[in-house]
Amino acid sequence: MKNQNFKEELHEIIFESNTKAGKAFDIVLLIFIVLSVALVLLDSVASFHQHYIRYIRIAEWIITIAFTIEYVLRLYCVRNKLKYITSFFGIVDLLSILPTYLSLFIVGTHYLIVIRALRLLRIFRILKLTEYLSEGSTILSAVQRSFPKIFVFMFFVTILVIILGSVMYVVEGSVNPSMNNIPRCIYWAIVTLTTVGYGDITPITYLGQFISMIIMLLGYAIIAVPTGIISAEFSRNSKKKISGLACPGCGKDIDDRDSNYCKNCGTHLERENL
Amino acid sequence: MKNQNFKEELHEIIFESNTKAGKAFDIVLLIFIVLSVALVLLDSVASFHQHYIRYIRIAEWIITIAFTIEYVLRLYCVRNKLKYITSFFGIVDLLSILPTYLSLFIVGTHYLIVIRALRLLRIFRILKLTEYLSEGSTILSAVQRSFPKIFVFMFFVTILVIILGSVMYVVEGSVNPSMNNIPRCIYWAIVTLTTVGYGDITPITYLGQFISMIIMLLGYAIIAVPTGIISAEFSRNSKKKISGLACPGCGKDIDDRDSNYCKNCGTHLERENL
Amino acid sequence: MKNQNFKEELHEIIFESNTKAGKAFDIVLLIFIVLSVALVLLDSVASFHQHYIRYIRIAEWIITIAFTIEYVLRLYCVRNKLKYITSFFGIVDLLSILPTYLSLFIVGTHYLIVIRALRLLRIFRILKLTEYLSEGSTILSAVQRSFPKIFVFMFFVTILVIILGSVMYVVEGSVNPSMNNIPRCIYWAIVTLTTVGYGDITPITYLGQFISMIIMLLGYAIIAVPTGIISAEFSRNSKKKISGLACPGCGKDIDDRDSNYCKNCGTHLERENL
Amino acid sequence: MKNQNFKEELHEIIFESNTKAGKAFDIVLLIFIVLSVALVLLDSVASFHQHYIRYIRIAEWIITIAFTIEYVLRLYCVRNKLKYITSFFGIVDLLSILPTYLSLFIVGTHYLIVIRALRLLRIFRILKLTEYLSEGSTILSAVQRSFPKIFVFMFFVTILVIILGSVMYVVEGSVNPSMNNIPRCIYWAIVTLTTVGYGDITPITYLGQFISMIIMLLGYAIIAVPTGIISAEFSRNSKKKISGLACPGCGKDIDDRDSNYCKNCGTHLERENL
């Protein structure tokens, strides 16, 4: 019984954040996550790595052990353990501690850096519990609803850049050493169409520059398409958000939550009715 | 009679996709298209070309023969043969097989690469039969409706860059070797206005840099115009979509849920009817 | 009397385009304008200039004389001559012919190139008479209405880049030779904020790169402001455009010109009534 | 009494601008601000600094003394002196004069340039009193309302670029000297995602270029998110603006012209009343 209570209390602290202890736990966790990622970034700087390698190692182990304890506690106090392990955040939690342990056995741990950087995703768990959740979910839902359209658009763009890249290869391939194969020309077409414009590959013939101009103007115009798609979704969303209530008198939608009277039939709107 | 049935069945498999055989055919076709374009891309990479030229040739012929058989079958089972040949996809289908046969007779087949890349357009035939069609057509209809406005905008931009390019030529032409003629200055003006910014041509005088700044700010502001045009079209489109009601009298779509009377036939619209 | 008729007929041909002769005149004029500007562009290319200087001169004189005759005719058949001369297109028409005559007296005609390029503006006169007018005026009116907001935004951006440029000068000025004065740093700040990104000036210190990142993200976010302003104007505009009619029965606006019945009171809408 | 009147009159001239004297004061102030910032910019140009150092010093002192007198007068005629000193513009006013006095005592005044550039902020005081105020406040309110969403979006982008930078470091770190640590890779990821594209750091491996392409297309798509957010806010804003009616019962603004009853107090709204 006592054990059960302890489990529940622990669950409240670790997974929720409406108690004082829960908030404190989240803040400590946030600091550890940011620190651990900062360490990964700094460790990759050669001069920093040479001087502080010993301290980095120690800090890395302290963080890993803390995350391991946290993982064990999470596993202990959660009811459906298998569901937690296979959940998105369960996997992210496990990936947060694996690289350091693996580095004991494997030599080339270079590729583990990406997994270490994934620790950042854990921040979303903490934010899920805050007031920013609603803002994030508004954006997410607008992006999700416009995803099929964006996907189709991206498909069009992909086919477009492959054809444009091939055209450019035929035009410049033989004279421009930086455009000597189609994949590079496609890379260039994307760099140009998206208005990134590195300038590592640029056309040198007149015809090539003329085609470039058309691609740039095209990119300048079609960037409007994803923007238009998402803008329309946000507009629709913001409209829906305002309403959501209906007058008990005439049944009409109430646009504004602060209304005291229905603007259609004049019925007095009490908060309890809504 | 039997022959007619076979024709119809074949038509169903090749042109439609609601049967199992039709879906399988589409998937095989999709794989062949992607493979054939991947071959074109890889063949253009010098190191790949040298080592695998023999295999590329064989694969190219296999794909071409497969596409030829498909083309003949399409021609066989379609009713109006001339209409198919002169249709957009009929021409794309023919262009898909021509380059390889032409390479037997002509030596410099370099320019045929672009035609080979056009095979990609065949993907749209397959997608036409999928659920993505409606998303694509929503985008397309919004883009089509905003096309006249976009065209006028692009016309303005073209005249603007020609004048800006001429101004820049007068300012930098004599001192900046990379801006020694107006066409190059126009190319630079487009690179700058569209915010691509390769950096292969940059102003070197103070006045030139000052004019650049104004062009950049201008480009940063007027990119809003095509975006605004298409956003408005998407918004209008998504509004029409919301209604989803039809008049019980004439069956026409009702745009506005608040209508009391059908604006087409005048039928009184009672809420219960809707 | 006959003279008056001739004048009116000439006016119809030159200034209007609803007659056959008027349309023909416009097309010839369009060809001359495009040719004359193409000549200016090609003349600036050194290799072209050297080989074809004689033909360019001749073509330039033919075009100038044609434009001169046109200018005289316009002046002859227009009623209020002073008003025409001082009008926008009157000045553009005069500027179209001046440079060639001036080149007879002045030697350094290099700066006249810009005036020659202004001939392009004459195209708008022809387009003013076409169906594209309404599209252009829709864009123009949306841009005009959003101009005060865009102006205020640009003012904010200008102050922002001056401050950001000064910050960057303090950070990088002493170590980065390409950022050795504030005007250059402001130029860099604009290149970065507008996402043009030439790469001719880039930060080299860690702090400088960190500030750059913030400026880029800022630019990525605030490009949304002009877009939002103009999008809102286009949305409002497209709504207004639909309406413009009112029901003779209840006086309510009619959103859709194709309505047969008022959707508010059911009055039958005859085209003559509207 | 006379003193009081003088104070009030002074307050009117310095702080307000609806009198002739107030407007004149503002214009003089504006000229001084622009001049003082122009001096800071020009002083940083080495060739200008060498030749005109003496005149710059004198001008700097004249401007500083003028600003000092202005600051003292503001302090004199304002009622709540402490509130003015600690207000935003009070601090900006003080910072406008401090650098020159500090340069008498401290040698390395290099860092004071940023403070000098902050003088530009004083322009907003003058503009606060003009007709542009309403335009600026419309933009500001739209930006402010969309700020939480933009903030969440920026947070997503930050985490995205850190992970993308880490991936790129693993891919290119060992072969590309310009990507030899993660912070630089993150810098590159931001340069690419925001479509700035300096080109000072570019991928050199095929895999790196492939990842770049995906990041560019991603950046091209997600730039639509802030734009969509702010567009939706501007659309909502412009709609509220259209109404322009107030309830005769409670005086509150009426958002919707079609309302039959005030949604605040329930007063019946007759068309004649509005």
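Here the chain labels run A, B, C and D in written order, and each chain numbers its own residues starting at 1.
Convention: a contact is a pair of C-beta atoms (placed from the backbone, for glycine too) under 8 Å apart; a residue touches a chain by one contact, two chains touch by 3 or more.
All values derive from a computational prediction rather than experimental measurement.
J.: Comparing the two chain pairs, does C-D have more C-beta contacts than B-D, or is it the other way round?
T.: C-D
J.: Could you pull out the chain whose C-alpha mean position is farthest off from that of chain B?
T.: Centroid comparison gives D as the farthest chain from chain B.
J.: I'd like the Å distance between the centres of chain C and chain D, where a centre is the mean of that chain's Cα atoms.
T.: 29
J.: Hey, how far is the Cα centre of chain B from the one of chain D, in Å?
T.: Measuring from centre to centre gives 41 Å for this pair.
J.: Multi-chain contacts in chain D: which residues touch at least two other chains?
T.: 153, 183, 186, 195-199, 223, 227-229, 231, 233, 235
J.: If each protein chain is taken as a node and each touching pair as an edge, is the resulting graph a line, ring, star, complete or other?
T.: complete
J.: Mind listing the chain D positions that touch chain B in their complex?
T.: The touching residues are 195-199, 227, 231, 235.
J.: State the interface residues of chain D toward chain C in the complex, per the touch definition above.
T.: Interface residues on the chain D side: 37, 40-41, 44-46, 110-111, 113-114, 116-118, 120-121, 123, 127, 132, 135-136, 138-139, 142-143, 150, 153-154, 157-158, 183-184, 186-187, 190-191, 193-200, 223, 226-231, 233-235, 237-238, 242.
J.: Under the stated contact criterion, what part of chain A meets chain B in this complex?
T.: It comes out as residues 148-149, 151-153, 155-156, 159, 162-163, 166-167, 169-170, 173-174, 180-183, 186, 192, 195-199, 202, 206, 209, 212-213, 216-217, 219-221, 223-225, 227-229, 231-233, 235-236.
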